[in-house]
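The structures come next, written out as C-alpha cells.
Each of the two complexes below includes subunit A, the first together with subunit B, the second together with subunit C.
Moving on, here comes the complex of A and B:
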C-alpha cells in the first residue's frame, strides 16, 4: 500500500516537473553558477586547485539542493492540494516518501552532471572514486529525506525561504563534514579504515533520519 | 439518523474565540446550507467538521464516533471537502487529477469512470485531457466538483461551491447536490448565493462565531 501510493505521488511529481520545467533546470544552473563563483573566489595562481574540490563540490550540492527543496511543495501550495495528498489510505507517509525520492532524483542527476564539471574546472582527479560516490549517495539520501521533512514542516510558514536553510544547514552539518572528509581522503591514498569510519557515520546518520522523519512528519501534519 | 454532529464546538485564534459553543446535527441524506457574514467562522467550522482542525473545545462525531478516533485515511473516504482553492494539481489534466485523488483514498481496483464524471459536470472531452492550469475559475470549480464526486464520500462539506460558476454551472451544481442527497449523502454548504438557499432541507446561520438560527425548511 505504502509503495503503491508513493509511486502514484512520485509519478505525479515527475509529470508536474516535466510539464512545468521549472525546478531541475534552475537547480542545475544554480549549481554551475556556484562552481564558477567558487572558482573565482578560491583559485589562486600557483596553488593546487584540486585541493578545493571537496569543499566546492559538497557546498554546491547543498546550495543546489536547497533550490529544489524550496519548490518541493510548490504544486501543492498552488493548487491547494496539500491536505488531499496527506490524507491517503496509508496516511501522510507516501507524501513524505515521494517528495524525498523526487528530491533525490533531482539532486542525484545534478550531482552526476556536476561532478565531472567540478573535476575538469579544478583540474582534479579522484584516485578512489568508489568512496566518493558512496559518500555522495549517502549525503544525498540524508539531504533529501531531512530536507523534505523540513520543507513539509515549513510549508505554511511565511518566511520559509529564509528559515529552510537556517533550520536545515545545521542539521546537515554532520553529513557535510563527513562528505568533505571522505572526498579529501579519496583524493589521496588514505587507508580504507579511515574512509570507512566516515562512511559509517554518514550511514548511521541516514538511518536515524529515515527512522524518525516519517514519525515526525505524521505528528506535525495531524490536525 | 444523524450522520455528522458537533457538540459545544469552540475555536480560538490568539485567545479570541472565533467559534463559540456550536452544536449541530446533520441527518443522513440531507442538504444543509450554512450562511453568515464574512468572518463569521463558516470556513473554520467546515474545517473542524472535516477533521482538518481539532476544535479547541467540544467535539465532532461521524455516525456517533468522535472524529479523533477515526483514522485519517477512513475520514478521507467518508468526508469530502471543497474549499476556496480548487484542490487540483494545475499541471495535470482533469482526468489525471481525478485518477490521482481517487487512487489515494480508494483501494486498488475500485471502479472510477473519470471521463463520465467530468462529463457530468459539463467538461467537454477535449478539456478533460489538457492541464487545468489553462482553465477558467468556473471550469476549475466544475473539475473540483468532479473530484468530490469521484471521492465516493458520503459527507460533503462545500465552501462557496458556486464561486465562478455561470448560470448553467449553478444549475448543474444544484442538480448534482440534489442527486447526491437522494443517494443518501449528507451535504453542508456554506454560501452567500441566494440561488442555493431553496435547495436546503435546513438552514443554519452563524453570526460572530455563534450558531444563531437553525431552521428546517
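Moving on, here comes the complex of A and C:
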C-alpha cells in the first residue's frame, strides 16, 4: 500500500512536472549560473582552476537543490490538496517519500548534467570517479529526504523561502563537509581508508535522516 | 473551570539572588584570586566565563532538544514552555561563547577566528537554534510549536554528526586547543565558582523565560475560555 500510493503520488508529480516544465529547467539553469558566478568569484590567474572543483560542485548542488525544494509542495499548496495528500490510507508517509524521490530525481539529473560541465569549465579530471559518484549519491539522498521534510514542515510558514535554507544548510553541514572532502581526496591519490571513513560518515548521516524523517513528519502533520 | 494556582515568583527571586551573589563572587575571584597565566598572561582569565558559558550552552541546548522530543511524543504545555526557554537560554550563552572566544583566540592563536572544530560546532548550533526560534515566530498559530519541536529534536543527532565531521575536518589543521592545564588551587577554585555562577545565571534566565511562557499560555487559555463563554451567552440570550 505504501509503495503503491507513493508511486501514484510520484507519477502525478512527474506528470505535472513534464507538462509545466517549470521547476526542472530553472533548477538546471540556476545550477549553470552558479557555476559561472563561482568562476568569476574564485578563479585567480596563475592558480589551477581544478582546485576549486569540489567546492563549486557541492555548493552549486546545494543551491540548485534549494530551488527544487522551495517548489516541491507548490502544486499541493496552490491546489489546496495538501491536507488530502497527508491523509492517505498509509498515513502521511507516501507524501514525504514521493516528494523525496521527486527531489532526488531532479537533483540527480541536474548532477549528471552538471558534473561534466564543471569538469570542462574548470579544466579538471576525476582521478578516482567511483568515490565521487558514491559521495554524490549519498549526499543527494540526504539532501532530498531532509529537504523534503523541512519543506513539508515549512509549507504554511511565513517567509519560508528564507527560513528553509536557514534551517537546512546547518543541518546539511556534515554532508557538505564530507562531500567536499571526498571530492578533494579523489582528485589526488588519497588512501582508500580516508575516503571510506568520509563515505561512512555520509552513509551514517543518511541512515539517521531516513530513520527519523518519516516519524517527525508524521508527528507534525497528523492532527 | 477552577482557576490554576498562581505562579509565585519565590523560586525565581531566590535563584536571581543566588546568581547575583555568585557572579559577584566569581568576578572577585577572577580579578583577585586567580593568578594570571604564566604563558598567556591576563587574557587567559576569559577562560573562566568562556568555558562555563560553553558548558551551560551545551546543557541548555541538549536539554532543549530532549524536551522538544518529549513534547512531540507526549504534548504538554509545560514541557513546551521548558523546551522553548531552554533553547532561548542556550542561544544567549552561544552568543556569549562566540563573543568571548574570538577575544581569547586573537591573543592566544593570533587570529580572531579559526575553523577549529569546537568553534565551528558552536557557530552551527547558534545558527540552528536561531532558525528554530525564528520559525516559531513565523509559523501560523499553533503549528509553530510542533514544527520547532520536530526540528529541535532532529538537531541533536545532527549536531553530533556535525561534531564528528568538523573534528575530522579540523584534523588537517594544526591548531587545536588543548583543554585543562589549570593547576594552581586559586585558578581551580575560581573556575569552580565561575561554573556555579554561570549555571545559576542560566537557571535564572531559564526560569524567567519559562514563567513568562506559562503566563502567556494561561492568558491565551483564559481568552479562549472567555470568548467561548461569550458565544454561549449570546446564543442562549439571543433567542429570547
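Everything below uses one rule, namely that the second predicted complex is superposed on the first by the 223 of 223 C-alpha atoms of A that agree within 3 Å, B and C clash if a C-alpha of one lies under 4 Å from a C-alpha of the other, contacts with A are read in each partner's own complex, and residues count from 1 in each chain.
Throughout what follows, a residue touches a chain if its C-beta (ideal position, glycine included) is under 8 Å from a C-beta of that chain, and two chains touch if they have at least 3 such contacts.
Note that the structure is a prediction, hence the values are computed from the model and not measured.
Peer 1: Applying the touch criterion given at the start, work out whether A:20 contacts subunit B, subunit C, both or neither, answering first, second, both or neither.
Peer 2: Touch status of A:20: first partner only.
Peer 1: Scan A:88 for contacts with subunit B and subunit C and give back first, second, both or neither.
Peer 2: first
Peer 1: Taking the superposition on A as described, I'd like to know which of subunit B and subunit C A:44 touches: first, second, both or neither.
Peer 2: After superposition on chain A, A:44 lies in contact with neither partner.
Peer 1: Could you please specify the touching residues of subunit B with respect to subunit A in the complex?
Peer 2: Interface residues on subunit B, with respect to subunit A: 51-54, 71-73, 75-76, 81, 83-92, 96, 100-101, 103-108, 131.
Peer 1: Quick one: in the complex, what on subunit A touches subunit B?
Peer 2: Per the stated touch rule, the residues are 4-5, 8-9, 12, 15-16, 19-20, 75, 78-81, 83-92, 94, 222-223.
Peer 1: Under the definition above, what is the set of subunit C residues touching subunit A in their complex?
Peer 2: Interface residues on the subunit C side: 72-73, 124, 127-128, 130-132, 134-135, 138-140, 143-144, 146-147, 150-151, 153-155, 157-158, 161-162, 164-166, 168-169.
Peer 1: Enumerate the contact residues on subunit A facing subunit C in the complex.
Peer 2: Those in contact with subunit C are residues 150, 153-154, 156-160, 163, 166-167, 169-171, 173-174, 177-178, 181, 197-198, 201, 204-205, 208, 212-213, 216-217, 219-220.
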